[in-house]
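In the part that follows, the structures are each spelled out as structure tokens.
What follows is a pair of complexes built around chain A, which joins chain B in one and chain C in the other.
Here is the complex of A and B:
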């Protein structure tokens, strides 16, 4: 029953794609104004300037990613190189080109960094830098920088403390922020271009002491804002990742 | 308190233990890890949820122990009607109890459930090595990590998640206990239980129903709404009480996950015969309250001599009374009236001649007599402040304890009786309006004028027949 439904949904999606009603790359983007960004582990002085950029208003959905896999079959579940994704790649799909139609508009997850990066490149876009993502995510519904709004902070924190639902909601189901971007908080984690730069030095044998800063009391050392727990959790999440990991609550969106 | 016989026996036991300990000490001197014996075989550790403890280890050699612990984030009850998004080791708070033997090689697997929102890791205080394993077990959702350590030091150790922000991971319930049994094992006892204290910081106050979220501000201020044993108010009460029988020896493995509150761990009505101080090798005896810091532990042992409910508390007692730090050990079996008699009597205690009980005569100065209206007014306010607590606002009293003043037949024929009782008090059996009473009314420290006023008020209220008591009547009664 559910299989038949899945095929039906798939057929529908294919038909939509064939008609070019929503072509890959034609996804709507909005402009995010730049600003100063203080990385969590940069001390109090290491502010970076983020230039204005365009950002997808929604995370990439399963339907979006299906079109990509059709165009680039080497990124399908059965053909992806093990170097580029672990065995959980697109695990929630029923096959290379099939998934439960109920999740067509849900964010695609179980995606490796390599696959996310490739997807964006194929749209003429790129993955956001962590600084860009964080600048966009500072915005509440009404403020470009809601860093000092306790209600906004509590909203973000509350989402972070809840386990992921079995079925992810559709994109656009959370709030639209000041820049017009949806779902930066409250839906899934998102890959960033430099997700592992917070702690990695590139010399894996040399960064042991940096790794240590993530744990226990050491986690607060070198941090510009010791009370931004939500920020700590995002950094912890990014640091726990490797580029080939595919995780059930981690998706992505593109910028340019 | 124990009988002298028990004292003698325990002294002999301690002497014996001392000799054993000395023997071990001597053996230990030349004992490096190589001589502890080669690691032989392999087994998967039995893990238990609180309050259960895995069975004692009977092996006399070290082995490879495989521990598989799952990280699960889930909404659970904090108390009846109150839920919270807990982060757990194994699916409950505290996390599963791990029991290994000194010298064991522990192959540790941390598995983070795919439904987890966050990465997690584990710092086991039993581990000698960086981060206690935290660095080696940093685990993304849907991943499993592995590392191996040798349990070098015997003792009872806390384990906890140490992912930033560490306080929040602990405050959400990520802690548990790992016991490294000494090579010679622990002395046999009849019951072993696992108790772990923790403090919680919720958006709503204690008892506020519904799903509560983590309150970072309260956490930073170290002002918890809940301080509980085993992750929930009532985890060790009602149907969940710990059980033992008279004559048995009980061992409590007690941990404190914190994150912030030190536990003044005490069992009401018991004295710990032995405490492994701070979960280590030092044994203390005859301890009332043992201090367990966050990230620390203690092993307490005691023989239960008499039946009853023995209450586990954090003796920082507001936490027990108002924040949930309460558990019960229910002991069943025959009573021993020599050790504990129970209540033997309850009688009236009425200090005589106490300053507050009698009116110094010089204060009973004659005053300007009051009119009846004035007496009723003064009497009413005196009634409210002096009489109402027992005789009630409507004068109905309380059956079997405080006689009624309503249409009272007790003083109907002799209104001065009212003044007399107020002045001298009354005890012993009486009958009022057909019902028997046998209690005590103390004499009141009121002036002649006050007594005249309140007696007049009573006579003219509650459906009584009326009348008036004069100051001079009271003065006469006083003599």
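Here is the complex of A and C:
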């Protein structure tokens, strides 16, 4: 009985917390100016030109995602189809509509690409292309392109060397970049629309050792920008993912 | 004596839907049949859960569920592809050639375009003619969003290249009658026998 009451209490707090927030559709987006993106392993010298786009300033939070699940219960933990998510889907929640209120404003993780895509579509938005995400993520607090700023690079690298904390900090807890976007580095990894375009060489297709090669760093020799170990790590993460995977340090945000 | 013959006749008519006009079949019986299926009974892994519309080389619109109760041999390709895709198609044709007429009644060959911008129905139809793909073959394309979703349920990696082409994984997939991926062959096959055996195994279990 007391167990049930505790759950009720949790749900109540949760509901209050959720109502205290703005509707996610109204959440702030900012304009990210376009730019050039040189994909790793492109095997070409050509850069991809990215057009200007609008980006969510924060990653999607647990509270945001709760509202989505309330509206689309087929995306709840108990009802999601195994086609669209592995068994780790929202595993940090206590149930279909319940999680520790302390993480309401933390980025939602344990989320599959399918769920992230659906969420963005239901907001009238979409997942960022990898090129878009990378262009936005090149910006430091003061520069649109901080690619050649060693201090910025070191900051990004430092986060990569730290294990993820057990409880993820709130969104907005890392720095606000030149465009006004928060948390592109330092909080969670993020899904991109075309994460599955991370293929290294033709010879490696279907080769199970590919991921290891990338993670150990040996494969970096074929990269377009060998000095950027951080973007190399992101490439490795993307190439190791499948769309139904749900992992505890991978979230997402939307663009339009 | 007459009944089993009639039954056989009706059954064989029902099982030739790959060759029929897809739209007519969906009008005739599929939608009702589908509606009567309890969603929970379907495998959660079924590709029929995808909410997608595809357009074939014959200009017909269909959903993947159209292939319910068929064994589907499928691959993602693009018709401008000059190297890998013709080889994939040729592997699939070898599978077709290894199956008996009776087995082929329950098998469909499906080519899903990863290049919806350029693979118009006319273009796909020309590709089918050029490669001698018979009535059991369906080529189809969808929106960019559905195409990406399909690549992701199939585990196919696709990277668009500057020249308009694609780098992509070469995979032949076999789906059972419930739309579940039961077998995937990565790369080209010197020997298509394992794929043929897989098709037969799923035909038997249908």
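The rule we apply is simple: the second predicted complex is superposed on the first by the 211 of 256 C-alpha atoms of A that agree within 3 Å, B and C clash if a C-alpha of one lies under 4 Å from a C-alpha of the other, contacts with A are read in each partner's own complex, and residues count from 1 in each chain.
As a convention for this text, a contact is a pair of C-beta atoms (placed from the backbone, for glycine too) under 8 Å apart; a residue touches a chain by one contact, two chains touch by 3 or more.
Predicted, not measured: the structure shown is a model, and the values here were computed from it.
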{"item": "Touching partner for A:113 - first (chain B), second (chain C), both, neither", "value": "second"}
{"item": "Winner by number of chain A residues touched, once chain B and chain C are compared", "value": "B"}
{"item": "Partner chain(s) touched by A:197 [first = chain B, second = chain C, both, neither]", "value": "second"}
{"item": "Contacts of A:82 with chain B and chain C, given as first, second, both or neither", "value": "second"}
{"item": "Contacts of A:158 with chain B and chain C, given as first, second, both or neither", "value": "first"}
{"item": "First, second, both or neither for A:232, with chain B first and chain C second", "value": "first"}
{"item": "Which of chain B and chain C A:166 touches, first, second, both or neither", "value": "first"}
{"item": "Chain B versus chain C as contact partner of A:243, first or second or both or neither", "value": "second"}
{"item": "Contact set on chain C toward chain A in their complex", "value": "44-47, 49-50, 145, 148-149, 151-153, 155-160, 162, 167-171, 186-187"}
{"item": "Contacting residues of chain A [partner chain C, same complex]", "value": "44, 46, 81-84, 113-114, 117, 121, 193-194, 196-199, 202, 205-206, 242-244"}
{"item": "Touching residues on chain B, where the partner in the complex is chain A", "value": "72-75, 85, 87, 113-119, 121, 123, 130-131, 134-135, 138-143, 162-166, 168, 172, 203, 213-214, 216, 220"}
{"item": "Parts of chain A lying in touch with chain B, wherever the complex brings them together", "value": "88, 154, 157-158, 160-164, 166, 208, 211-212, 214-217, 219-220, 227, 229, 232-233, 235-237, 239-241, 245-250"}
